[in-house]
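Shared chain: chain A. Partners: chain B in the first complex, chain C in the second.
Entry: the complex of A and B
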């Protein structure tokens, strides 16, 4: 049923998320606020709307970088919990919003919120990232971008109607590209130097990324950690 | 040697008022002006009407200039510039170049009234495309059109049906470095919106703003009449992008009170450009060795913070928009105060 003035009844945030207590929501907010980047990402907002105007997601979803900045500035714990469990997964992380004349970074706030959501094992983060395990596997293990044959096309409707066809015959398309550097390479987009890969693995562990993956998907973590640790030990 | 002469630098509203006030207090004034004419920015930028009694700007500036040029206590030097200054309060020696001829002048005090310049919209962080699309203009471009009673789209010479003002261009912006409010643009845009409706009653006029700031009685004299009598639409939300579309201009912004993205086409877009220190203000501050604030304006306020015409150097005073964005009321009031302070200082030194 479409939302109209007659049937519009958003209710209260605590009713939509009865599982979390106020104390729990506040704890999550304080974790976001204590992030080192927070002060550089949020100065204050005078509601000019430039971030929304520049935001591609705001054109297609019920998503507003301005509301995120304002909710954070007002320390509106209930609203922030709503944002933490819903809005942040509608952001494309393109950072068009950094055109903010106050030099806020709403996209950066979303980055922090996402990290907190994953670190705390919120179900919404698992749902939102469900389709990405193969992407994460490829990017983190191969240090490489993904192509349609590497992921489940059903999870990526924004890749367009042809993606299924491409993904089924990707090795043919690859061979059709008349460039020496790409000819013959069919499992990745390009070859990454071993030294670079080992450095990447070190970064994933040192920066806490592997902890985030472990929280998100333990099976995926085991797969990645096994290979990475073995490679790192070999040096 | 102590001199009773007072040097006023700049022949705009503040400089003219300072010179007139010093003369009326019985002091001797030398007023130097870089251009060949008096009247300052309102004259150079073809201001149409003032918010004061809706007066014709050139007429009002003409009266102010005449009160100076007709006063025997004031000597006006045109096409003149300060080249150097030495000495201290009560006895300064100033090097002046007038039409290429150098001379030296003994003065007791100096009043700096070198003013501001309008923000160059080419430096804006948002994509307004001032230098690409002829139908994107500034407050000053529109002021000239209003003065000539010829408000048209520069691209085709036709009268616009829909006009939008975009506020805070070059002001209140950390990215550009101008964090301050330019104070007058809200009132000027509203005034111009009314003038457009007077000249083109069929036009639809919009003002896209962050906050409307109405000094003095602008609230009831301009802002409310613009809404109530002239049906100007005020939309809270600023535009991030102007693009061409079917011979018109497409604006992208957010209607923040309605919380929805907005895309509308306009015939004419007016950028409400703010104030920056003029080139003259920047160079004279260095030359006179007076402190500038982080934006390049002359730092004023004195140690008490309550002396709006004091600079960091005793005997040198500042008036008008040289010390920061100011409307005519501010400029002229401070000019009077600077004149009083300068005359008092010189008399004390002579006594």
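Entry: the complex of A and C
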């Protein structure tokens, strides 16, 4: 069959995920494309591979920022769905890929893809974040990503005997820090005012962040929403 | 072909325009001009860099103002949670010069670590968290000094998004309205390592420890210089202006030998989500692409970096690699900790070496520091805290510099 504008499909991927319809895959891609950052993150692709050479995940996984930029530039709906379901959680988000001579930001594209995947409840993203939920709980509720009491030997066995030594001495070590905002605090990184936390909760509700959590993990949403709403009502 | 994808005609039309190469429309610009335009329209408040400040050249030549004092310390989750000697060294350095600063409790995490790990947020949420923190700083009159490399990079990127998107500004203003706060963006987004760079000669004037026996390698933090790359400090005297000057310039000023290695551009392997729940990637990358390469090519006594995740990843990843007979064993410190140590900060009350897991004793011994003596002092502090005769270590216990090699 001669190539025409109607059937031209240069190098586009085959359907490897028949469980989703083309229309559904296209809808997800158009959601990515409509993100306000999309145009700043993608200008086309020279296919030079500079992003791949700088990418830590490309050394460790079957992962390529070049393929992501390329698939996006070609609007290859099937390939983009492959990326959504198979690749995005391998990215280290270091942004080494932004040395792109075309000024693409493949790491930024991954961020948008991840957001769309979560908002749409893709199972692959739920699986990738299963062990991570408690960190989301911590940062959204306490305003800090990590805390000293997270350093437990069963959670960080590969960090060696230091972790055990630390956890046995945590309370006294934390008192032996000269900064007033840290001293003696173990369940957060620094002391955050209640008023500040209430403002943070308001941001999560008003920005639609809580809706995202609901789609990702309903149990986590219930835990967070209960505490936040109660605190906000108390004022 | 579906109607709503880009059509071939649209692509052909786009490609029919010639590519214009002109320095005047280069992609980098002075963000401040756009900020002041928005301020003139009444859309935002621009918090000015307070006097005294110093100006340094950024990657493509713009002069960036770095405030010396009156700073609002935007703390880092990873510093304060897992490497507290990092944060206390930054403040200790301020205190040595009687510089006015504010260590707030009206501050949350930027939540950028979580966003890069999970994407369980959105542009409006992330921008509002940043704007809430900046408004809180503005209310105090102090200027934000960002401790975390990821917060610094994340905030720079959010600033770009806010400046270029009316819709996002409107949404963030609406959310901030619920909090009774204005939309404030600082004139400069400043990383603490830029302040360290600005202060390095003053540190050297008060240096008490000879650092010349030490060979160090530098790991430049990705989110400092790769995100919004044009807003990082470069100096023709350091690597010919081809890499960021912060950290390296400090070490050279303090008299260390800075050794090079081939994988300097590689990330540390942190990975945000990976370091917490998928550390096979983190450990492998940190050891195989950073630590072992440094060992083979430079055999340093120390590696110095300027971000939360990098210190944690490079330090903590080394233990497990010993089981595989990999070449490891390089202690990891931040530039602030090195500067504080050089000026005589107590190794445990201030620098808090005991939170670092890769053996740091050989490094201190090479400097001629009798670490056991200071460890014993610190143990006495801990005994007093355990006995209830002391509530904790305060700045009164920690401020005084010590002749550590005497």
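By definition in this document, the second predicted complex is superposed on the first by the 182 of 235 C-alpha atoms of A that agree within 3 Å, B and C clash if a C-alpha of one lies under 4 Å from a C-alpha of the other, contacts with A are read in each partner's own complex, and residues count from 1 in each chain.
As a working rule, a residue touches a chain if its C-beta (ideal position, glycine included) is under 8 Å from a C-beta of that chain, and two chains touch if they have at least 3 such contacts.
Remember, it's a predicted structure, so these values are computed and weren't measured experimentally.
Using the contact criterion defined above for the overlaid structures, shared-chain residue A:173 touches chain C, although it does not reach chain B.
In the superposition on chain A, contact of A:99 is made with both chain B and chain C.
Contact with chain C, but none with chain B, is seen for A:40 once the two complexes are overlaid on the shared chain.
Once the two complexes are overlaid on the shared chain, A:122 sits clear of chain B and of chain C alike. With both structures placed on the common chain, the touch criterion links A:64 to chain B but leaves chain C unconnected. Once the two complexes are laid over each other on the shared chain, residue contacts for A:84 go to neither chain B nor chain C.
Comparing chain B with chain C, more residues of chain A are touched by C. Contacts of A:54 after superposition: both chain B and chain C are touched. The contact surfaces that chain B and chain C form on chain A in the two complexes overlap at residues 54, 59, 99, 103. Chain A meets chain B in the complex at residues 43, 46-50, 52-55, 58-59, 64, 66-67, 99-103. Contacts from chain B toward chain A in the complex involve residues 125-126, 168, 172-176, 210-211, 236-241, 252-256, 259, 261-262.
Put simply, chain C touches chain A in their complex at residues 1-2, 4-6, 8-9, 27, 75-82, 84, 87-88, 91-92, 103-109, 111, 113-125, 128-129, 132, 136, 153, 160-161, 164-165, 167-168, 171, 174-175, 178-179, 181, 222-223, 226-227, 229, 265-267, 269-274, 276-277, 279, 281, 283-285, 289, 316, 319-320, 348-350, 352, 354-355, 357, 378, 381-382, 385-386, 391-395, 397-398.
For chain A in complex with chain C, the residues that touch the partner chain are 5-6, 8, 26, 30, 35-37, 40, 54, 56-57, 59-61, 75, 77, 89, 92-96, 98-99, 103, 111, 114-115, 117-118, 128-129, 131-132, 135-136, 139-140, 143-148, 150-151, 156, 158-160, 162-163, 166, 169, 172-184, 188-193, 195-197, 199-200, 202-204, 206-209, 212-213, 216.
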